[in-house]
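The structures come next, written out as structure tokens.
Across the two complexes that follow, chain A remains constant while its partner is chain B and subsequently chain C.
Up next, the complex of A and B:
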């Protein structure tokens, strides 16, 4: 555990000490080495499920895929940010990478926390670097509004969580995840207990986001710079999912009755946000709403509390993290060339940048859950376990899959096919860095086809 | 005015000139010419930018900027009318209760 955490912490002094000429290559190779070492976490050996224990942190098959995803994302973020920060003074570039690294540190500590209060503190701590990234390095004036929405939605959701966790600590005397799974389920029957249940979950539902509380997400994703969008879409949303999966163990008897409204919000959100995607004109906004749609499926999968639901949710979280981040990188390549996110302004790019079209194609196919990619495996497991929960959900999830295919193809056809606009007379050729970025996103996704055991959690 | 087009190489008779046909006053004719001049200037600006070989960025279109802003900021200018309230209820309120009823009766 410490063999990953301490090098990540030491990356911060490295960023400030390295000569300017070597800043980006050094940070890239350093974070890539850390991410390759983090892959050793995937081989978990202990029978109790928890491996690599130290008094405060541990990994288990639920947190390991998310940790590997987090560590894998840092070199990708550094690779993506290299171009748009190039005109800035060197100390600002160093600050930017320091923010990304500190976000990484908080995320590693959050996913590997064994004590729920530590998870909570790290959950809140990730808000600060993300807020700075969005409001300081975003591109439009709306970034202030976006940062405000992001901060206050998440904070408003998580303050009840703090109260709920302190109450739990009072009742059971411990909040260590290692032992909480063995505490007998509590007698929860009064109205205050129902409020406690809602308090435990609200923060994670806002973070996921659940359809009713999703307003912060399109703003934050659209206004953030590329590294901010990548980390938001790939990892920060999954913090909400991971928190829900951990907390569900303790919320036992009440969940059967109280989860209905949230499952309904999640499923209806799949349809609604999918339909909004079909009508979007802003490319990043389309990808942001598609994230809400996929996360709605994940939330529904977690709330029904079956083993296939959990497995499907975890697989979909990892696959969606890689896919969504890849799509944001592709949107960024467009943005860096035309400085506009409007889709109709940059069409027919297949004629000009055919290799990038190949990446757009693979990423769009991954987004619409093409077999045999893990996106489909996750979605299929969630859809089948929801079908078992109630037959009528197939109308919503099936319609959701249809709409997802619709808007993914719409996005591909709008940006790549069609007539090249007459007013575009010069576009930079695709940099090798961009090809490398896309390859590093999609290669793990394709490799996971052959070994999905790595990401399917405790069950099966 | 009907879809009348003069024969090639012929000129339009004076009585079919739109200004005469519709009996436009001199102020209206001057206003029409002024508007035509503004339009021609805008087209000239666009053509200058379009054909400039050193241009690397997109041509900024204020109408497009306004349209994109309007698409991105619906809530700030939202006004509850009969239509919007009905749509909101139909897609945002009724389905939630309908789904709750369906799932509850299905799963008892």
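Up next, the complex of A and C:
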């Protein structure tokens, strides 16, 4: 564990000490090496237990895929940010990469925390670098509004969580995840108990986000620079999912009145945000709403507390992380060329940048859960376990799948096909850096087809 | 206490209060399409872009106008005529489409709960008089116009005398009279109608001047992409950079200055970059005269073969007259001062000869306005430039901008959003004809 964490911490002085000429190549190769070493976590000795154990940090099959995703994302973020930060002064570039690295450090500590309070502190700590990235490096005046929404939605959701955790500590005497899973199931009888149950989950539902509390996400995603969007979509949303999965173990049994509202919100959110996507004019906004849609399915899968639901949720989280981040990178390549995120102004790109169309195609197909990609595997497991729980959910999840396919194809056809406007006939050809970025996103996704055991959690 | 409460109310999410006070007069930091020039062509393009976006809020359109009083803008200083009597089919189709638009203007530009638009479109028609020398040109133009769908008729001198007894037909061999869709209207109303409708559909306007417009990729070999670096606020040092995807040059008489900012015209002489945009301001005078015994209500927009024109203005015996000066005697275009001797020497003699009632008239007022004069061939320049890949021109109309504005706005919006012309093919007005030195001239230029 420390052999990943300490190098990541030492990356910060490296950023400030390395000469300006070698800044980007050094940080890129350094973070790439860290991510390759982090892949060793995936081979865990105990199938269902904890590995790489020390008193404060450990990995288990639930957190390992998310940790690998987090470590994998840092070199990708650095690769994506290189172009748009190039005109800035060098110390500002260094600050930017430091923020990304500090975010990485907090995320590693969050995913590997054994004590729930440490997880909570790291969960909150990730807000600070993200807020700085959005408000300082975003593009428009609306970024201040976006930062405010982001910060206060998450804080308001997580304060009840703090209270709930303190109550739990008082009750059971420990908050260590290793032992918490063995506590006897608690009877949630009084109204205060039900509030406690809601308090445990609210922070994560806002983070996921659940449909009713999702307003911060489109704003934050659209206003953030590319690295901010990538890390938000790929990892920060999964913090919510991870937290929910951890807390669910001890929040059994499922009671109707407590979980129904959230499951219904989540499923309804799939349909609603999918429909909103069909009417979006801003490309990044479309991808942001599609994130809400996928995460709604994940939230529903977790809330029904079955093993297939958990497995499907985890697979979908990893697959969605890679896909969504890839789509944001593609949107950024568009933005860097035309300086506009409006879809109607950048059409017919297949004529001008055909190789990029191939990446757009694969990413759009991944988004609409094409077999045999892991996106489909995750969605299918969640849909079947929901169906088993209640037959009526098939109407919502089936409709959601249809709408997802609709807007993914709409996004592809709108940007790649269609008439070519006169002003984008001469665009910069696709750089190798962009090809590398897309390959590093989509290659793991494709390779996961052959070994999904890596990402499906505890299910043997 | 009250102030604190108000501050708290402002700070709730959903309100637009921010801790950093933002000057509300500044344009937004980012816009998809920036239209430089808030005249009738600029606002027509803004309206059509908003009309053609498929979803509300599809494109963010910003119109930058440096003078909200329009004191020097060609639009409002125009005589306001519209005619189909051109020799180029494109010009005829443009006027026909615009006239159709303006006849149904409330269907297009009406805003809910606002007053309906009254353009005061006087359908009195244009009357062109031809001498012996140019009569054959008039006949050929007549067949082009009829073929294109314009309702024009040719009149012999006797028919002319029958129809307009106040006219002196000496020297006139042939006359061409527009029967439908020709006349004059109020340019200020049209401008405001476009502006009101475009703003109601979400276009943003900004009062400021584009002072710096540079390129994104100055070292790229593929050509530059214009981006508006600075929009300067009036009477202040404050400026705002506006990041944009497309710049539309609808600055009229001052379009040349915008392209100069990008370095067009300053390259080596025989290169593409060395050819400037051939649009410059040319001053034209308009005189308002009062003649109580004048021609009357059926006076058409009369254009004599000497270049003098006159039309009725209102119902009180007032007329608007003027003439195009000789190439050599172009007035100084650095200001809008009126030269009254021009009327005495160049306009009145021909006017009095042609319409004897005008021998007794009194000049009540006069003004001057700029033509966005295309020095190359006096016709519009619409489309992209080969070197700047995201600037669209809609300028160089040389006196016809107002009458073509609705159709030109639609054409430019189609070019931007659909990639090519859909209703009218105006590719003949592209910039390339200036590079290949093939002028597209009208056979009789007014």
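Here is the rule we go by: the second predicted complex is superposed on the first by the 452 of 460 C-alpha atoms of A that agree within 3 Å, B and C clash if a C-alpha of one lies under 4 Å from a C-alpha of the other, contacts with A are read in each partner's own complex, and residues count from 1 in each chain.
Operating definition for what follows: contacts are C-beta pairs under 8 Å (C-beta built on N, C-alpha and C of every residue); 3 or more make two chains touch, one makes a residue touch a chain.
From a predicted model like this one, the values you see are computed outputs, not experimental measurements.
Chemist: Please tell me, clash or fit, for chain B and chain C sharing chain A in the overlay.
Modeler: Once both complexes are aligned on chain A, chain B and chain C clash.
Chemist: For A:389 in the superposed arrangement: first (chain B), second (chain C), both or neither?
Modeler: In the superposition, A:389 contacts chain B only.
Chemist: After superposition on the shared chain, which partner residues are touched by A:426: those of chain B (first), chain C (second), both, or neither?
Modeler: In the superposed model, A:426 contacts both chain B and chain C.
Chemist: With both complexes overlaid on chain A, does A:294 touch chain B (first), chain C (second), both or neither?
Modeler: In the superposition, A:294 touches no partner, neither chain B nor chain C.
Chemist: Please work out whether A:141 is in contact with chain B alone, chain C alone, both, or neither, and reply first, second, both or neither.
Modeler: Touch partner of A:141: chain C, not chain B.
Chemist: Which holds for A:347: it touches chain B only (first), chain C only (second), both, or neither?
Modeler: In the superposition, A:347 contacts chain C only.
Chemist: Given the touch rule stated above, what does A:339 touch, chain B (first), chain C (second), both, or neither?
Modeler: Both partners, chain B and chain C.
Chemist: Should A:284 be classified as contacting the first partner (chain B), the second (chain C), both, or neither?
Modeler: Neither: A:284 stays clear of chain B and chain C.
Chemist: Taking the superposition on A as described, I'd like to know which of chain B and chain C A:260 touches: first, second, both or neither.
Modeler: A:260 contacts chain B only, not chain C.
Chemist: Have a look at where A:214 lands relative to chain B and chain C in the superposition and call it first, second, both or neither.
Modeler: neither
Chemist: Running through the overlay: 61-69, 79-87 or 97-105 are the candidate stretches of chain B; which one clashes with chain C?
Modeler: It is 61-69; the other listed stretches have no clashes.
Chemist: Considering only the contact definition stated at the top, list the common interface residues of chain A for chain B and chain C.
Modeler: On chain A, the overlap between the chain B and chain C contacts is residues 281, 338-340, 342, 345, 422-426.
Chemist: Under the stated contact criterion, what part of chain C meets chain A in this complex?
Modeler: 13, 18-20, 22, 28-30, 32-33, 53-55, 57-60, 216-217, 220, 222-223, 225, 227, 243-246, 383-384, 389-390, 392, 415-420
Chemist: Once bound in the complex, which stretches of chain A touch chain B?
Modeler: 142, 222, 260-261, 263-265, 267-268, 272, 281-282, 285, 338-340, 342, 345, 389-393, 396, 422-426
Chemist: Residues of chain B touching chain A in their complex?
Modeler: My answer: residues 50, 53, 55-59, 64, 68, 71-72, 91-92, 95-96, 99-100, 102-104, 106-107.
Chemist: For chain A, which residues count as touching chain C in their complex?
Modeler: 139-141, 144-145, 148-149, 152, 279-281, 338-340, 342, 344-348, 418-428
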